[in-house]
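Below, chain A partners chain B and then partners chain C, in two separate complexes.
Let's turn to the complex of A and B:
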C-alpha cells in the first residue's frame, strides 16, 4: 500500500469536504448547536413532588391532607392513563386509590393504595414518597395503610440523571450521522462527476482509495464526536473507554456512508438515504430519554449499543466489564458494515 | 523491430449477456496516432477502459509498452495519460491544485504545474477554482492533467467534443505537439475531419468488432471514389454541376470534350470522406 498516495487522497478529501459550504457549515453548526443545547438544558432536577392521582370513588381530599408539604396532586381519569403519564415522566409518581378508600378512611379502618414510580426516580425521593403515605406521614393521620409499589420501566433507583446527560449519547450519534452524510456526499459526488475514474487510471489502486476514504470518514466522525464529549464533560469518566466506543461507532457510520454512497448518485439521494439511516439510528435514543417508552426491538439497531454504552459509562460510571456485549456488538457491526459498505461501493465504482 | 506501444489480443468484454467488445485485436506502434471511430455503444469506451486498466477483460489481454494491463496495472498506468470525454476535474479545487494532486498520485516530487498550465494557456487562471472555468478551459486543463506524468501513451476521448472552433483548434494543436514529441496517441472521436487530420491510422468499430483498420489514405483508396466536380456555364448566367469519375477508362476523353465544348467555370477534385467510407463499410451513420 502506497501511503504517499493515501496521504494525498486524504488531504484532497478533507480539502473538498470543507470547501463544500453546506457540510463545512453544518459540521461546525451541529457541534456548536449540540453543545449549546446540552448546556441550555437544566443541569439539576426539579424535585417538587407532583403526583398523578386516580381515585375510582372521586376522593379529592389528598390535597388538603398534604397541604404545606410541597406536594401537588392531579386527578386522572383512568389507571392506565396514570401509568402512561408517570412512565412519560410527567409526574414524580402516581397514586391509585381503591374504590373503598374514602369509606375506610372515614371508618378509621385499614386501607391500601398503589404507588407508581418513574423508573429513574432517585431512591431518596422514592423513600420520601413512601414515607408520605406510610405510618410516618399520611398513615399517621388515618388508619393503617398498606402500600403497593410498582416501578415502570428500567429501575434506576438512586441514579436520576439530568435530561441533558441522558440526551448526550443521542447528540454523539447525531454528530456521527452528520459526518456520515458528509462522507457519503463526498463519495457520491466523486461518482457523479466521475472524478473517481480519473483517479482509477493513476497508479493509485482501489484499496488505497478505500483506505483513504475510510480514514477520512472515521477521523471526521470520531474527532467531532470526541470533541463534543470533551466539551460537555462526557470524557470525565473512563475517557479511553468512551473514545473506544466512539471509534467503533465511527467505523459503523463510515461503513454506512459507503453503503449510502453506493446507492445514491447525488446530494439529494444522499440526503434521502441519510435521513432514513438517521431515523433508524436515533430511535434507540428515546429509550434513554424516556425509559420504558421504546420497545425491545430497538436493541436490533446497532446504535442502541453505542448509546447504551456511552450512557452507562458517562451517566452510570460503568466500566469495560459492564459493557462487554456493547463492545462486541459494535466491533462486529462496525467492522462488518465497513467491509460490506466497502465491497458494495467497490462493485458500484467498477460498474460506473 | 520496435515494440508496439499498444497490443490488444482477442480482447472481449460483456455486460451480462450484452457483448460490448467482441474478440478484437490490433496493435498501435510507438509514436503512432490511432483514431478509434464508432457510433455510440459500439464498444469504444469499453475498449479504452480495458486498455487503461479500468476494466479487466473477460477474455484476451491488453499489453501496453509490453506489460499486461490486468496484471501490472499500476506499472502500466504510471506511463499513460487519459483525457476523458466528460469533465471530471475537481471543481472546488484550483487548476494548480488539480495538477498537483495528480502529480502526487504519480509520485512526482518537486512538480511545477506552471509549464503545463502555460502550454495549455491557463497560467493566468491557475489559482482560480475550476468551477469558474469555461468548457474550453476545463478541457485544456484535462489535457494538462493527462500530461502531468509525461506519459508515453495518451488516451484522448472526444477531446474537442462540444467546444467552440477556437478551443477545438487549440486542443488539436496540443495533440499534434504531442505527436511530434513521439507520444503514442489513442484518439476516440466522432469527428471524422479531426480523425483524418490527426491520425496516422483509423480503426472503425461497430457492434464490438473492428471492421476496418488502416491509414485514412488507404481506406479512401480502397473504399472511396475519385471524382472531379465541374461547374459549367448554362449560357444564361447560371451554372450546371457535373461529376466526372476519375477511375473510368474514358476519363481523359470526357474531360477533353468538356473543355472543348463547354465553358468550364470551376473544377474541384472530390474524394470520399471517412464518414462516407464508414457508412459504406458498416451501413450505419457514425453519429447516432
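Let's turn to the complex of A and C:
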C-alpha cells in the first residue's frame, strides 16, 4: 500500500466533497441546524402546574395540600390581576377563593372556588385540573380508599431528562447518516465518470483505494458528530467513551456508504438508497424520544445500540461496563458492514 | 399549442417520471411526515397523563375512568402486562383494581388500590391522576364533598392543538414537493442528458414540453394534497371547494417548479436551491405554527396565498366568498408565472434552434 498515494487521494476526496455544493451546504447547514435546534429546545422539564391564587382571607391550606406534588401557587393581590395574568398565559389557571373559604373549610361547611383558565390550558387538561381541586381532599373524602404508590424504575421527579438531551443521540446519528450520503455520492460519481478505472492504472491498488475512502468517510462522519457533541455538551461525561461509540458508528455508516455506492449509479439513486437507510437507522431514536412507541424489533437495527449507548452515557451517566453489549454489537456490525461494503463495492468495481 | 402532443408528452412524463427519485421523494416524504406528526404530536407532546388500568374484578371504576377525561386511559389484561407497560414508559401510571374493590367500597372497608408509577413521569401528572381517581371514587360513593369547583373559560376560542397547527405545513410540503420538485427535476434531468435539445427536432414545442411536465406536477401535487387532508381527517364542510383550491395551489407550485427547472443547471444545484429557498416557501406555515408571532407577516410570502384558503376552509369553515380575495392573489401569481414560462420557452426554443 502506497501511503503517499493514499494521502493524495484523501486530500482529493475531501476537496471534491466540499466542492459539491449540495453536500457542502447540507453538511454545514445540518451541523448548524442540529446545534440550533438543540439550543432552541427547553433545557429543563417543567413538571409543575403553576396556579395564580387570589384569597382574600390569606388561605394557605392549598399550598400545604399540594406541597411536593408538582403544583405551585402564587398569591396575587386582586381578582382582576389574576384574570389578566391567566389571560396572558402566565399561569396554568387561576384559583379565586371566597372570603369565608378558610372558615367554611374548618367548619366542614360547603364552600366553593372559582377556577379561571385561558386558551393556553390544553383542552385535554381541563377536566384533570378541575379534578385536582375536587378530588384532593377538598371536594371529597379521600379516606374512602388507600392508594399505595409504587415507583417503577429510577424516580426522576425533579430530575427529568429534557427532550433536547433525549434527542441528542438522534442528532448524532443523523449527522453520521448524512455523511453516508456524501461518501456514497463521491464513490458513485467516481464510478459514473470512470475515474476509479483511471486510478487503477496508477501506482495505487484497490486496497489503497478502500483505505483512503474509508479514512475519508470515517473522518468526516466522526469529526462532525464529535463536533456536535462537543458544542452541545455531550462530551461532558465520559468523553472518551462517547468518542469511541461515535467512531464505531462511523465505521458502520462508512460500510453502509460502500454498500449504497455499490448499488447506486448516480446521485439520484444514492439519495434513494440513502433516504431508505436513513429512515431505518433513525427509527430506534423514537424509542428514546417517546418511550413505549416502538416495538422490540428496533433492537435489530444497529443504530439502536449507538443511540442507546450515547443516551446511557450522556443522560444516565453510564460507564463502559454498562454498555459492553452496545460496544460489542457496534464493533461487530461496524467492522462487519465495512468489510461487507468494501467487498461488494470491490466486486462491482471489477465488474464495471 | 397542440393538445394531442401535450397529452403524448404528459403520458411519457408519467411513464418515465413515476420511477424517478423526485417522484417517489415527493410522494413518500409528506406521507411519512403525516405519520410522524400523528405519532409524535398525538402522543409525544400531549399534555395529558397516560393511565393504564387492570381490573381484576368487574369494578364500576373502570367505566368511570374511561368516561372521565382526566387521563388518556387504556386497559390491560393482567398486572404483569400493566407492569411491563409502566416499566417501558408506555403509560405514566398503572392502576390495579382488586377483584373485591366495589364490594369493599360499598362496605366502607377502605379498600386498597395500587398505583404503579413510571419513574420518569412528571410530578404534576402524578398529582392529577391521584386527584382524578379520588374524584371518581367520591362520585361512586356519593360523597359530594364540601367544595364545589366553578370553572370560567377566559378565552374567546380554544387554541388549536399542535397537530392541527401542523396541518398547513404538511399540506404545503405535499403541494410544493409534488408540484415543484417533480417538473423541476424532470427538466434538470432532460438538461443534463441533453434530451431537451432533441425537442427542436420534433414537431413538439418547448412550451408544450414545459406544459406536460407542469401538468404532471399539478396531478401529483393535487393527489398528494388531497390525500394528506383525507389522512388528517381535515376535509372540512366544503370538500369540492377544497379540492378546487388544492388544484390551484398545485398549479402555482408546478408553475414555480417549471421556472426553477428552467434556471437550475443540475440536480445538485436544484437540491441546494430548494434547501436555500425552502424556508421562504414554508415560512407562512411555520409562522402559523406559532400563534404568538404576528400572523400578518405571513402575507408577505407568496405561498401564504396557497395555504391561507386551505386553512380557512378546513379549520374555520370558510366559504368561496370568504377565500375569494386570497384566491385572486393566487391566480394572479399563477398567471404571471405562466406568462413568464411562455416567454422563457420561446427564448430557449430560439436559442436551441440557432445551436441546432
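In this text, the second predicted complex is superposed on the first by the 246 of 352 C-alpha atoms of A that agree within 3 Å, B and C clash if a C-alpha of one lies under 4 Å from a C-alpha of the other, contacts with A are read in each partner's own complex, and residues count from 1 in each chain.
In this text, a contact is a pair of C-beta atoms (placed from the backbone, for glycine too) under 8 Å apart; a residue touches a chain by one contact, two chains touch by 3 or more.
On a predicted model such as this, the values are computed, not experimentally measured, just so you know.
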Touching partner for A:319 - first (chain B), second (chain C), both, neither: neither
Partner chain in contact with A:5 - chain B first, chain C second, else both or neither: first
First, second, both or neither for A:109, with chain B first and chain C second: second
Residue contacts on chain A - larger count, chain B or chain C: C
Which of chain B and chain C A:19 touches, first, second, both or neither: first
First, second, both or neither for A:149, with chain B first and chain C second: second
Chain B versus chain C as contact partner of A:205, first or second or both or neither: first
First (chain B), second (chain C), both or neither touched by A:233: neither
Common interface positions of chain A, toward chain B and toward chain C: 20
Complex contact set, residues of chain B against chain A: 52-55, 73-75, 77-78, 80, 82, 84, 86-93, 97, 101-102, 104-107, 145
Complex contact set, residues of chain C against chain A: 20-22, 24-25, 28, 32, 39-40, 43-44, 46-49, 68-72, 83, 85-91, 105, 108, 110-120, 122-128, 130-139, 141, 143-159, 161, 267-269, 271-272, 275-276
Residues of chain A that touch chain C when the two form their complex: 20-22, 25-26, 29, 45, 47-49, 66, 68-71, 83, 86-87, 104-105, 108-120, 122-158, 160-161, 267-269, 271-272, 275, 279, 286, 289-293
Residue ranges of chain A touching chain B (in the complex, touch as defined): 2, 4-5, 8-9, 12, 15-16, 19-20, 193-195, 197-205, 350
